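Okay, got some structures for you below.
Next come two complexes, and both contain subunit A; in the first it sits with subunit B, in the second with subunit C.
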Partner chain A sequence: MKESPYDKKLLEIKNLQTGFIMDGKLHNAITDIHMDVKPKEVVGVVGESGCGKSVLSLSIMQLLPMANSKIAAGEILFNGKDLTKLPDKEMRHIRGKDIAMIFQEPMTALNPVFTIGFQLKEALFNHIAISKKDAREKAIHLLRQVGISRPDKVVNEYPHQLSGGMRQRVMIAIAISLHPKLLIADEPTTALDVTVQAQILELLNEIQNEEDMAIMLITHDLGVVAEMADRVIVMYAGQIVETSNVINLFHSPKHPYTEALLNSIPKIDEDISKLHTIQGIVPSLQNMPKTGCRFADRCPKAFEDCSKITPKLAEVVDGHHARCLLYEQCYPNPSNKQEGVNL
Partner chain B sequence: MEPALNTPSSDRDEMERKFDSTWTIARKKFFKRKLAVISLLFLLFIITLSFLAPYITSEDISRIDMANINQEPSNEHWFGTDRNGRDVFTRTLYGGRVSLTIGLTSMLFVTFIGSIIGSIAGFFGGWIDDLFMRFTDFVLTLPFYVFVIVLNAIMIGFGKVTGMWSLIIVFSLLGWGSVARIVRSKILAEKENEYVLAATSIGSKPSKVIMKHLIPNVMTTIIVQATLLLATYIVAEAGLSFIGVGVPPEIPSWGNMLMEARQTDALQNKLWIWIPPAVCITLTILSINFFGEGLKDAFDPKRKK
Partner chain C sequence: MSRQSSIALEGGSDRDVLLEVKQLKKYYPVTSGFFKRKVADVKAVDDISLRLKKGEIFGLVGESGCGKTTAGRTILRLTDATEGKIVFDGEDITRLKGAKLRKARKDFQMIFQDPYASLNSKMMVGHIVDEPIRNYMSKSHKELKGEVKKLLKRVGLRSEDYYKYPHEFSGGQRQRIGIARALALNPKLIIADEPVSALDVSIQSQVLNLLRDLQDEFKLTYLFIAHDLSVVKHMSDRIGVMYLGNMVEVGDKEAIYREPLHPYTQALTSAIPNPNPLRKKERVILKGDVPSPQHPPTGCVFHTRCPVAMPKCKEVVPQLKEVKPNRHAACLLYE
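And now, the complex of A and B:
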């Protein structure tokens, strides 16, 4: 456990709100996001499909589709610089160099018409002055670093000649080629089969130790989080519902949603015919409840206040935040239990 | 049985070499198609003959020889002479040069303009897409032949450009719309792939993402489209010249050589005057289309053979 809360923050997100414009109206995909990543820390972001994990990561990278999405409010401070206000040109210098990203689908994340070497070198050429020969050597070195055998052959091969696991290794090689301070891994193992998943996670762990970088690991797999993360952020319907260090989260989850998530992991020693699930579905962007807790409809512990009063994210136990009215602290205004409004 | 692990390294190299790039696969598939290959050879033959015309024949294309009008094919004049005594063989070669130059150059310009506009519209989307595509729609609504005739007349009237280049400019200005639409739709599909996001995520500029990542991936479509356009423009040139509004009559092109056939006498009795350009046009267009079809199949990953 790297428990040093007063460290300098590498990435700090304040009150981030990102939405998509549909029929001329802005629908928020994520609201009220406060989080931070410290240097060399692995932060896991968990949540089910559509909860805004990917929108969060794309917001940080400023890679949202320009045509129909918008960061409506908030700040994303990276080393003190607000990425949301950075001009495109400066953002390009950060992308790939200071913040790198790996994607869910290694099958499509590499350009099919170019060799592996070409794509590795592209990242280098974008950011540093390097000769073609040196770039090639560096590419081979990187491939070796991510555990690809016969790297001198693989640089000349095309993506379709590699397996999914190898491609994800190549993606990691591209991402770490310029020693970024933060690596955003958006579901890096989802598209891979279980044995390869384990290898890739192990590789990420190794690389994180070698390179001393922070990783923001976005996943819906609690197993992956348990294995990798120092700290966990649980998201539901575009909001952070719980944040804690990994041990506390698994041992004493505070938010009913987290509890339900943990509960729905099949246990090997349990003999049941039906798996535990969370009933209902995540409300869509257009149908987000205006007031009250967004999980209220599906929550087994919901009570009267839940659909009327909007909880805020508050510290429930030391270093453990949750957004649930079961805890006095989460009432928007504890003195008179006034109603808050969902954004 | 020898265990698989002990395969000699040379064998492994052999296996590795069997993986080919898209282009190699396409080339191999293309060369299996006889018709397409024959068409390609014929096209190369015609192009070589046309562009080497000055080295093949020493006749002057516009020298009028009233002593030798309407001569039948002979040793001296392989394809005979026309009603002004000009050598038809020479004029067919030079005519090919004009027709093919117009076709090829217009094709290049049209493909270039169309690809740039289509890819920018497709990649950026939003208002840029709207602006570019509405402009494209506008250009596409202009009645092609009417505008070609009018613009061409205006351009030649100004006297700044020769007849051939005027036609090329007019074709290029009016023709890029269809390419832009096709390229845009391809880019729209292609940009959803994560490699586009990945390329941006390592700090590549939008221009670089378009030129280096997207265009090569839609290149096959562009090439196939371009070959079909080539045929269109050669036919368009021939048609316009035939009715006398294309290339001015003093420059021989296949189209305005056919003009001679408008005289009943030539049409009925002096076949040698109009058959050579007619055959050239027909065979060239057929070859281009077979070649284009061959390319299309070669680039289509679903066609294995």
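And now, the complex of A and C:
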């Protein structure tokens, strides 16, 4: 495992709570999020659809629709600056330059009426003083860097002329054009075929090494996380339920949800006749249990306390945090422990 | 480009065979000009043959655009085959029409990929599920209701769900409704086209287990189409790998994963992300993208991306043939 040489934190999120306003009421999509990303680290965020992983990434980028969503509490510190309190103008300097993002759908993330070159140069013109000629050179260079075979032609082409894999390469080229310190990749390979997915993951790995950037990789695919991440955050129903380094997470998961999730995927090198399942479905935003553990209804190990006492995220083993009452550290007032460890 | 691959894939006496597909081709014409003259063909399925024994699960894998869905639809006679033969339960159904086709269709059903698009949102769940029965039999309202409720319970829904509408259900539950509908006529063959690819992991395993249980219970035969190799391996007895309209490898699932023969299968199996961080393996990373089926490469269709391509691969079309006992591959490496 790659251990980060720095103890400094590039991104630190404290007690973040983001919600959507529905029928005049605020429903929290994510609550009580504590996490950090260190420089040059790959952090995987996994969870099923509706667990709030995309809301988390959009909160960091400050890209949530203003009309019906709200960051209700918490801080997002990037290099010590709180992004939630930054005026729009300053945020625009950071967005795209210091923090870049790749989206899930390469088909829709690019604008169909502008050439690839235009969209690459747009990012450059917005953030740095550069001549038109240099910008074009740089665009071609970037396309070559992400492995596009005839970059001088592709700059003049439109998105519809490219395949899905190539479009995702273009997205990556745009994202890395200003050498960001943090790249948020929201399901970057979900829309792609396996062989193309393998190409893109390898490219992300290479670029991460070249550019020395940190990646926050958001995905539902546990296989992708296992291959890419140094550290993993597991989310369920808007909360972080477990976080640890990748090896401990996959080999000794602490939270029953993580364990069940790992058991429910068919593995290529195993043969079992019956898959483990998780009963029921994720509760919806409006029906989130007010007290108790949000996974209690579906949990095979649930006991009495689970529906009454709300667990908190605490360190259960060295560097391994979980939110589950099976560990007494996670009780709100553990009798024999002091205040839980903050992440 | 015509190929002769009329081999009997997997033995077994003819009595055991439920479905036999021989040299199936499906071309879509590309037309141009005022008179819609045909100028080219999109070779969506270009000569595939397969044989399904009764009670078997045959998995069909491949990347998007390889023709696996078209193959499934053509076998079910949802589109007409350009060439080839489909023999279902001893009867040639390739050119059946009208009442005869209608009668034959009772025995094969389909489960679709997108549980949001495959159910009519304006129909009550009970009517979605009983529609196939009403099409073929005249039964009293009460009988129908009882039967549908039993089906709903069998697929893990509640009998009250009879009166609900599709929007009241989650993706996994909708897929269960689709499964109940496919089971309604007690078919012999079910073609499941990416039945779990739209579902979350935890829901996916529920649906996969259900499909397996139903297979035991109703003695079903599945043609299981998917792009996720781990899922296909979990479900199937035998697997066929498709690339650009061609079947490149067929074999027992264990054999295919233990020792893939075709270079494409090798790349495909090595590309699956393994949820085990300690087991990082050597990857075969393919260059480029799948070529367009309108202009497939000459010779072996895979030669443009193949890591071990030889000069003759550009010219010679490899045939799917038995290269090892019960292992078929279409590659010049094994000539």
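Keep in mind that, in the parts below, the second predicted complex is superposed on the first by the 323 of 343 C-alpha atoms of A that agree within 3 Å, B and C clash if a C-alpha of one lies under 4 Å from a C-alpha of the other, contacts with A are read in each partner's own complex, and residues count from 1 in each chain.
Simple rule for what comes next: a residue touches a chain if its C-beta (ideal position, glycine included) is under 8 Å from a C-beta of that chain, and two chains touch if they have at least 3 such contacts.
Being a predicted model, the structure only gives us computed values, none of them experimental.
Once subunit A is used to superpose the two complexes, subunit B occupies space next to subunit C without a clash. In the superposition on chain A, contact of A:Glu48 is made with subunit C only, not with subunit B. In the superposition on chain A, A:Ser273 contacts subunit C only, with no contact to subunit B. After overlaying the two complexes on the shared chain, residue contacts for A:Arg92 are found with subunit B alone; subunit C is out of touch. In the superposition on chain A, A:His220 makes contact with subunit C only, not with subunit B. With both structures placed on the common chain, the touch criterion links A:Phe295 to neither subunit B nor subunit C. Subunit B and subunit C, viewed from the C-alpha centre of subunit A in the overlaid structures, lie at an angle of 80 degrees when rounded to the nearest 10. Of the two partner chains placed by superposition, A:Tyr331 touches none, neither subunit B nor subunit C. Shared-chain residue A:Leu201: touches subunit C; no touch with subunit B.
More subunit A residues lie in contact with C than with the other chain of the pair subunit B and subunit C. Distance between subunit B and subunit C in the overlay is 5 Å (nearest C-alpha pair, rounded to whole angstrom).
Contact residues of subunit B toward subunit A in the complex are 16, 19, 21-22, 124-126, 129, 193-195, 197-205, 212-213, 216-217.
Listing the residues of subunit C that touch subunit A in their complex gives 63-64, 170, 172-173, 200-206, 208-209, 212, 227-231, 233-234, 254, 257, 267-280, 283, 285-286, 288-290. Those residues of subunit A lying in contact with subunit C across their complex are 48-49, 149, 163-166, 193-199, 201-202, 220-227, 246-247, 250-251, 260-262, 264-269, 271-279, 281-282.
Note for the complex: subunit A touches subunit B at residues 61, 63, 65-68, 92-97, 100-101, 103-105, 108-114, 122-123, 126-127, 153, 157-158, 160-161, 171, 174-175.
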